[in-house]
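Input: one structure, supplied below.
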Amino acid sequence: MKILNLLCFVQILLNHHAVFFIGTGENMSVFILLNCKTYDEGTGENAVKLAKACREVAESAGVEIAIAPQIPDIYRVARAVDIPVYAQHVDGAGPGSHTGKIYAKAIKEAGAAGSLINHSERRLTLADIESSVTALKENKMMSVICTNNVATTAAAAAFNPTYVAIEPPALIGSGVPVSKADPDIITNSVDAAVLVNPNIKVLCGAGISQGEDLKAAVELGAKGVLLASGIVKADDPKNALYDLVSLI
Amino acid sequence: MKILNLLCFVQILLNHHAVFFIGTGENMSVFILLNCKTYDEGTGENAVKLAKACREVAESAGVEIAIAPQIPDIYRVARAVDIPVYAQHVDGAGPGSHTGKIYAKAIKEAGAAGSLINHSERRLTLADIESSVTALKENKMMSVICTNNVATTAAAAAFNPTYVAIEPPALIGSGVPVSKADPDIITNSVDAAVLVNPNIKVLCGAGISQGEDLKAAVELGAKGVLLASGIVKADDPKNALYDLVSLI
Amino acid sequence: MKILNLLCFVQILLNHHAVFFIGTGENMSVFILLNCKTYDEGTGENAVKLAKACREVAESAGVEIAIAPQIPDIYRVARAVDIPVYAQHVDGAGPGSHTGKIYAKAIKEAGAAGSLINHSERRLTLADIESSVTALKENKMMSVICTNNVATTAAAAAFNPTYVAIEPPALIGSGVPVSKADPDIITNSVDAAVLVNPNIKVLCGAGISQGEDLKAAVELGAKGVLLASGIVKADDPKNALYDLVSLI
Amino acid sequence: MKILNLLCFVQILLNHHAVFFIGTGENMSVFILLNCKTYDEGTGENAVKLAKACREVAESAGVEIAIAPQIPDIYRVARAVDIPVYAQHVDGAGPGSHTGKIYAKAIKEAGAAGSLINHSERRLTLADIESSVTALKENKMMSVICTNNVATTAAAAAFNPTYVAIEPPALIGSGVPVSKADPDIITNSVDAAVLVNPNIKVLCGAGISQGEDLKAAVELGAKGVLLASGIVKADDPKNALYDLVSLI
């Protein structure tokens, strides 16, 4: 038991160091994931254009930017750019009689590096979240479980995904950044998630589009952000991305 | 009541004429839709190979064969062949905040000509079936609503999709063709659907893989078949397809 | 095509006769169903009080009023009044391993006479709607399938439930009666449903609370109404019910 | 941070003591929850009879036995017995426009002391599990979250429900007790859950019906069991219950 306790102590220590390091602005560790949803501005060839803008800004600013186009667009986006491409959803289904399900192996073969799971616009059961994370891990892919509050963030951390992304539903698409509207939800989510899984990395989303939003999120303990309309529907998405990364 | 009887009589008359015409073996009107599900044999490049086999047989035999690969594979399959490519599922979502949803316009831009809707492995609500059919129609795409029994076939016919496909769930993947196990379900589904919508075309699925299964289905009033494992997992899918169309 | 036109004409004729008869104000045939939802004003003993108010008004005005309390309240409401008690939802599940499902036989034994199915707040798949209607019929219970537009009303009519209730989702709880906001949706739903099933009876809901709303609905071809907050949350529900039936 | 760590240590300590105490056979702390599902043998008056058998055995053997009848039966079962009555499902919905949802306050008023959540036959999304637990807590009710494997048990523990009940789906209704078929899943679930939440109590279910099954479950670290067909469908449920508790 003492060993277990020691372990606990070390993990908490490590975690707090990690938070400390992030706060220094070492921007290489910030992760930005752009969700194209079903916006026409992010469909088909428009998704390819957005992906190219992401790639340019990522390289220029030295940050990691990934894009999540619609599932039918993964293949052509992945062939056009070398930044990570994520699916917006994946099922835990294996090979077999699963018509219409999004099979992890299929999105991997199409070029995806990972997937969102349980986005507020595509909620899954607890059992299905677990099987989706497992399917991604089996295919050596990244997993981002989306959650809606502190308690669900902690629960999702138990699955040990690559990231948990907290997005208060009321703020999604609102233009009001979560880092302003409810900064406590970020710090509390990070704290609760780390108690469950000291290695977990928390992203935050909802309403984020500008440089100060990203900076605030990172200062509150997030390892990065999930964003959508603020960039995808911007008049000039590339400039919007440059602004986003300008303060880190 | 007499007027109602007359009505019924007229509709049955119309229906039986239709059945009669179909029974003549005019094979150009038979529609075969191959569902790749999430079989590994139908994923990624394997889907492209299957699509090429479908194309060869369709041209050689003068029948219409379409393929429904997984959604991430639509783009590359559609670029590789000129037969109709179907999605295995589509949502009724429009442009907007619909992460993970399958947007009709996106699958159209990826090259799909139509979509399955409400497959037994991806059931939808009544309202969502209607919005999916509507989304396909708005994009001038084909729609195949899957159903499980006579009553749901009649209900689906009310949406006036391109096809309704009756697939008794117990027979899916069974290897026992519906045309043998339960021929009445085909004739009764056709009769019930035509009473609701005299122009509706009914497909049948479940357990179909051989020439005699297709022939029997057409003789029972179906305009074609939906099939999957019998071809996708065959040792030689192309030969299996040639056998399938050999008796029409 | 001429035969089809004749067919259409005959059906429209039949339908309009029906509408005509209804329009005469023969109020015994008007059906009012009060949905308690999860309003506190309609929970537990409050549901019993509401049911007693319904009973008094029904008897006094000579109209048929039924109440749909929450499922845990069916038993005590049914013991307190002799008006029909409806469940707000029922599943098609039979006896067996169906934890948490609402079993038709159980609500019947608890005293229910029927059930809502597929309410906009509790949508079901097409297959489940069919099995729910079938389960109710097997238990000799009434079925009210809720729908959201003209096309789904027609589809639901194919299941031959006791009633189809068209409720445009945007108007539910709005206080704006569907009979004012969108009268065409009622007439068009009735017309489309009757083409599918000449015997079907259409109710309408959404925003209805006053005498003129009910009158307008009946004049547009509805056989009755579904209503909720306008009565349940009224300062004096009994008076609100008296007002509701005052013009028929 | 030191305080946090100390807390961690104390919780782990407490937990291990607790496990130790349970292992001694202090049967008052064993919790047995009988799920009536939709078995005819557990519907309506049959549920009342079963509840009375549970009550007699609980009192006679000095163990805690609760019953989960169908939702329409909660009221009459709760009036007939003074053992805890559970719902088989509850939603997180508050008061309002939530037709067909199971409102925590309504089942409480009907007499329920708690509820199952996320049973394998009634799966919920992660967000809905959280809101259901919260709704029960707000009403001072007990919560039993059902899970399917080690990872989901750990995740559910993060919500701090009264119990998490691990039930491997393949064993439900199998007659093969989980304690024999897969004892590791119990110990691993307990270990994983306790790491997330040192205070969590784990039940186990699936295939349990006899005294040795319960004894084995408790020895493996479970605080009790969830069971159904083995008792509900027994020729003599009361005797089956006496047998169940005979070894603790």
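Which chain is which? They are A, B, C and D, in the order written, and residues in each are numbered from 1.
Criterion: contacts are C-beta pairs under 8 Å (C-beta built on N, C-alpha and C of every residue); 3 or more make two chains touch, one makes a residue touch a chain.
Source: prediction; values computed, not measured.
**Q** Counting one step for each move to a touching chain, how far apart are chain B and chain D?
**A** When the steps are counted carefully, the minimum from chain B to chain D is 2.
**Q** Going by the contact rule set out at the top, which chains touch both chain A and chain B?
**A** Chains that touch both chain A and chain B, as defined above, do not exist here.
**Q** Quick one: which chain's Cα centre is the longest way from chain C's?
**A** The chain lying farthest from chain C is A.
**Q** Which pair, C-D or B-C, has more C-beta contacts?
**A** C-D
**Q** Taking A-B as the reference interface, which entry in C-D, A-D or B-C shares over half of its contact pairs by residue number?
**A** So the equivalent interface, with over half the same contact pairs, is C-D.
**Q** With centres defined as the mean C-alpha position, give me the chain A-chain C separation in Å.
**A** Centre-to-centre distance between chain A and chain C: 44 Å.
**Q** Whole-Å distance, chain B centre to chain C centre, using C-alpha means?
**A** 35
**Q** At least two partner chains per residue is the criterion; list those residues in chain B.
**A** 120
**Q** Mind giving me all the chain pairs that touch?
**A** A-B, A-D, B-C, C-D
**Q** Help me check something: in the complex, which residues belonging to chain A touch chain D?
**A** 1, 4-5, 8-9, 12-13, 16, 118, 120, 123-130, 134, 147-149, 151-152, 154-159, 192, 196
**Q** Could you list, by residue number, the parts of chain D that touch chain C in their complex?
**A** Those residues of chain D that touch chain C are 35, 37-40, 43-45, 68, 70-76, 87-89, 93-103, 105-107, 109-110, 112, 116, 119-122, 172-173, 228-229.
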